Each structure stands twice: as structure tokens, then as C-alpha cells.
Amino acid sequence: MGKGRLEAFSDGVLAIIITIMVLEMKVPHSDTLASLQPLWPVFLSYVLSFVNIGIYWNNHHHMMHAAHRVNGAVLWTNALLLFWLSLVPFVTAWMGENHFAQWPVILYGVVLMMAGISYYFLAHCLTGLHGDDSNFTRALGKDEKGIISVVIYAMGIGLSFIHPLIGFGLYVLVAAIWFIPDKRFENKEKEE
Amino acid sequence: MGKGRLEAFSDGVLAIIITIMVLEMKVPHSDTLASLQPLWPVFLSYVLSFVNIGIYWNNHHHMMHAAHRVNGAVLWTNALLLFWLSLVPFVTAWMGENHFAQWPVILYGVVLMMAGISYYFLAHCLTGLHGDDSNFTRALGKDEKGIISVVIYAMGIGLSFIHPLIGFGLYVLVAAIWFIPDKRFENKEKEE
Amino acid sequence: MGKGRLEAFSDGVLAIIITIMVLEMKVPHSDTLASLQPLWPVFLSYVLSFVNIGIYWNNHHHMMHAAHRVNGAVLWTNALLLFWLSLVPFVTAWMGENHFAQWPVILYGVVLMMAGISYYFLAHCLTGLHGDDSNFTRALGKDEKGIISVVIYAMGIGLSFIHPLIGFGLYVLVAAIWFIPDKRFENKEKEE
Amino acid sequence: MGKGRLEAFSDGVLAIIITIMVLEMKVPHSDTLASLQPLWPVFLSYVLSFVNIGIYWNNHHHMMHAAHRVNGAVLWTNALLLFWLSLVPFVTAWMGENHFAQWPVILYGVVLMMAGISYYFLAHCLTGLHGDDSNFTRALGKDEKGIISVVIYAMGIGLSFIHPLIGFGLYVLVAAIWFIPDKRFENKEKEE
């Protein structure tokens, strides 16, 4: 019931988020190679966010593929996830333009942590809907990666008060953990 | 006939509206936490509009799911709804940047009221097409929430002439009323 | 063959065109009603373009619904149509910001005329693919409206050299002609 | 498995890239024909990028249509392709605003060459997944056009150090080579 359109709407929002971020990279007025140099932090910030949104799309794709049904709670936790992800272009630009300064790095982490918590809620709404004993729930398992990510984000936020690069490094670590696609659902799909 | 593509086009437009609104939150040049403070009204404005567009998507999703057919009148009332919703990023930014001043709050209400009226037209075009005795029409019922919303918006517009925060409060009230997903269609879907 | 994805891609592009045009309406810094007044030509320009893109989506929807197949020529004439329509936000903004001055009105007409010619090419590629004796070709008929539109656009461009408002009036006339949905395909769909 | 949603997400991203590029053509404040003249290099740059993105969409469309399955590697090489293509609006604007100066032309070539290499990876991930003896792999053949494109891009980048217009000419040549739709998959589709 309505799963297809939820996927389509989420795809649309994620596709727009991932694409409009590039608009924050302001085109330099000069034509020299040197004029690109100040853009490096903005570009690095863009790459990290592109990978993060790509990871969310990928995992969302696998999770929704395994789901058989959606309900009102799923629609709204999905909207909550999209809300936090919609703030990614803003925090990406703020972090990039300020060369990974403390507060921008902290806010970037807060937005990603909230997205992680929303994703966790979404997964658990789907588990509740499908039942503890369903194929979906067995495929999802304990969702350790989701919990670990949120914990690392929280650590990254805290340690950014010492030095923002520690925070940034931990955000990259979370992306690296998730970069490996979620085998749980992929395996389940193969079995079907 | 063509229902799928109407849904896809509407999803696309709603996904873009909900996402480009974030571009109106201008990234501050300073990296201090204090530099974010002037953005609070813009952010609050963004949250309200995100919730409103989310509600429209949600209800549109449920209503179109229950519909079996569309015709020219449905396509054009749907376009009218999308037209008014396409103005939401503009009025959201105007209201946020001017800290909920009188005229921006009034215009925000006018745009949402017109969207509400368009949605009402769309619902009634679909009712006319499906017939008074159809499952669709029974599921839609008297559409009290739709009528109440338009009335509250009109009140909000009028009372903003006394103080804009009364208007803003009433717009939040409408969002709260709709936040609960439309049980009518959801129940009907379960029966099928 | 591939018709679904052509529709999806075209829907995506049209949805983005229709939505990003609103970004050209710059939010005024003042909160007075008077500060909105200079936006009237931009708004009027936006409304005309919204209606025009809506008409193209509507007719494209009906025509592709009737089509059974696409080939390389259809993909490229469709891309040509999308190219001209992608310039609509630019000419809309130029025309609106310059209060319907001569050259902006002429260029607006040129872009819409080129879009009209591209649509004509697209229709005829589809006719060629389906054969003269197909249901598709019978439904399309002589495509008088398409030819008339291009002629009126050409007249509008020419008469704008006398006064741009004559041109603008003729563009509105074309929109009015097309506003009535294309009954040919709708009837054909009913017969099926 | 999941092919439909991969196509939908890619379509969304490509549709947004192709459409937001037009936002880089800044609307002139004057209403004279002469005020459009400085936009010619930006427009020419836009046309080339529109054609290039159109070509990628077209070939992606044909290749994914022939594919029967996707896996994690396909999802990520597809994301890599979208990443490089997402930089096209940036390099298009930089090249156009600087009237095809040396470094912008070189960077434009680098981004397109990386997109070409990513497309090659994507094709070969799909070949690996479908097996050497599959219909898919037979349809793809040796992918000479893909390899030739990357070689011409590399030549264009190198020769831009002599004169950027040689580079630009070679990029146009690649577009011309691909403009002819990929007959391999089209023929295969007809046989099915």
C-alpha cells in the first residue's frame, strides 16, 4: 500500500538535495587555477555530503525494497528523515565556507546525528508494522550499524569542542562504515 | 487513466518545493554560533512550510491512492493546487526574513488558504468523476477538515490585522489538525 | 520500449522548470505591502509561464499515453523540446524584470515558438513510428492547434516590433487555446 | 532487483542537473538586445552541457533497459557517475563566464573524462554481473565508443595547454560521436 509512491517521493527529495548542494560552490570570477584553491574545503565538504546522501539513498532503497507495507507512522518518520537531510546542503555550505571551524562542524554532526536517529525510528516503525517474526525484521536484525553511527556522531560532536578535525574525522569514519552496502537486505533479496 | 503520471508529476513538484525552500536560508559568513541566531525566524518559517507541504503530499497520496480515474478537470485543479503551493517558498522566505511581520504573515495565510481551496476543488472534481455513491466518495465523506482549514486560514488572515502572531498561531493550528494522517482513506485501503 | 522512462525524465525536467521559476521572484527586504508592488510584472510573467509549462505537461501526458513505442528520433526530439522549455525560466525572468519591454517579449516568443516547433517535430516522429493508419495517428489528426500556435507566436514576435503588449496578448491567446485539454487523445483513451 | 528505483533516482539527478544549469545564466538587468551578447559563451557552454547530459541519459536509459539485475557495485559506480555529472553545472558556468579560457576548459574536460571513466566502470560492473556470455554483454560488445571518448577527452585536456579552443573542439567531437543513439542496445531490444 503506497510503498511505491513513498519511494518515489523520497528519491525525488534525495535527488534534489544531492544536486542542489553543488549550487553552493560559487563559480570563481577569475579563470586561474589559483582561483579554485579557496574552494577546496567547500568541495571536500560537498564530497562528504554527497557520499552521505548516497549512503542514505542506498540503505533506504534496500530497506524499502524489503518492506511490504507502509502506514501513517512510516510516512511521518520518513518525512522526519527527509527534513533532517534537507538541512544537509545548509550545514555543508556553512562547514565548507568556514574551513571546518568548530561550530559549523558541530552543527553538521548534529544534523547527521538527527538524520541517523530518524532513520532508526523509520526502521523500527517498519519493524513494528511487519511484526517481530517477519522476514523484514529478521533481515534488519539488531541494526548495530545504525546505533553505532549515532554513537560515533555524538562522540564527534563532543570531541569537536576539543578540535573540530576530530569531529570531522569521526563523520568520515561513519561514512566509511556505511559505504559497504547493507548486506543484510541484499542477502535476503537473493534468497527470495 | 494517467493517474500514475499525475502522481509522479505532483510528487516531483512537491519534492522540489520542499527542498528548494532550504536555499532561502542564507549561509552566514561568520562561523560563530551567534551568527546563526538571526536565522531562527527563517528556520521556524521553514519548519512550518516543510510540515505543510508534507501534509499536502501525505493527503494527496492517500486521496489519489483511493481514486480510480482522472480527467481534464482533475489535471487542471491539481495544477491549480501546485501553483499555489509553488508560491510557498516565496512567502516562507518573506515571512521568515521579516520576523513574522504583519503583511508577510497575511500573504502566507492567503497562499495557504488558496491552496486549501484548490485542494477542496480537486477533491470535489474527483468526487464528481467517481459518482456520489462510489467507494471514493464514501471514503472522502464530508471533508470537514478541508473546510475547517480554509475557515481557520481566513480567520488567521483577518486576525493578523490585530496581531500577526495570532495569524501565525492559527496556521500552526491547521497544521496540527492535519498532522494526524487522513484515517478515512487509510481505513478504506485496509478494507480493500 | 522505454516509454515509461521517457515520461519519467520529461516529468522530472518539467517539474523542476515549473518550480525553479519561482526562485526568480526575489523576496523583497521590506515587509510592507508596497514592497510587493514592483513584483507584479514578474508575477504575471511567472503565471503565464506556469500555465504554459502546465499545458506542455498536460499535452505531453496525453500524447505519450496514446503512444505505444518510442525510438531514438523520439528521444532526441523530446530532448529538443525540453531544451527550449528549459530556457523558459530565463526568458520569464528577463521579461518580468523589464516590465514586458520589447526585446524580452520578443525573446520569450522565440523560445515558446521553438518549443512549439519541437513539439510538432515530436508529434510527427511519433506519427512516423506508429504509421499513418495507426490509432495514434488517427487520434493526433491534423494537429491544427499545434500549427496555429506556432503561427500566432510568429505573429506575436513580429507585432512586438510595433508594441510588445500586442505580442504578449498573442502569447496569452495561445495559452487560452491550449488551456482546453486535448480532447483528441482523451476521447481515444475512453474508447479503449 | 531494484533496477527500477536506480533508474528513477538517476533520472531525477540527471533531470535536476540539466535544469539547474540554466540558473547559471544570470538574467541581464538591461532590456536591450545588446545586453544578451555577453551571455553567448555562457549559452554555448550550456548547450554543450545540455547535449552531454542528454547523451548520458540516453545511453544510461538504453544500457539499464538491457540490464536484468543490479548489485551493490552497480549502485556505487552509478553514484560515482552521478557525482562527476553533478559537477557539470559548476564547470559549465566557470567555462562560460570565462569565455573558454584555458583552465576552465581543462577542468571541464577533466570532469567529463571522469564521468566517461565512471560510465565505463558502470558498464563493466553490469557485464560482470550478467556474465560474459549473456545477452547484455553481447549487446554491449567492446564498448569502443566509451574508450574512444575517454581518449579524445584526454587529448582535449592535453591540447588545451596549446590552445583551449582545440580542447573545446574535441569535446564537441565526442558529443557528436555519441549523438547517434547507441544502436547496439536498440537493436537488441527489437530482437526481444
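Labels A, B, C and D are assigned to the chains in the order they are written; within every chain, residues are numbered from 1.
FYI, a residue touches a chain if its C-beta (ideal position, glycine included) is under 8 Å from a C-beta of that chain, and two chains touch if they have at least 3 such contacts.
Treat the numbers as computed from the prediction; the structure is a model and nothing was measured.
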Check your understanding: Once the Cα atoms of subunit A and subunit B are superposed, what angle does the rotation have, between 0 and 180 degrees and to the nearest 5?
Key -> 90
**Study point:** Most widely separated chain from subunit A, with each centre as the mean of CA atoms
**Key:** C
Review point. Same or different: at the subunit A/subunit D interface, is the fraction of residue numbers used by both copies above or below half?
Key: different
Check your understanding: Could you state the distance in Å from the CA-based centre of subunit A to that of subunit D?
Key -> 26
Revision key, fill the gap. dist(centroid_CA(subunit B), centroid_CA(subunit D)) in Å evaluates to 37
Exercise for review: Identify all positions of subunit C at which a residue touches two or more other chains, and write them in rising order.
Suggested key: 8, 12, 15-16, 20, 23
**Study point:** subunit A contact footprint on subunit D (complex, rising order)
**Key:** 1-2, 5-6, 8-9, 12-13, 15-17, 20, 23-24, 71-72, 75-76, 79, 82-83, 86-87, 89-90, 93-94, 97-98, 101-104, 107
**Study point:** Touch list for subunit C against partner subunit B, complex
**Key:** 7-8, 11-12, 14-16, 18-20, 22-23, 25, 27-33, 36, 47, 50, 54, 57-58, 61-62, 65, 181, 186, 189
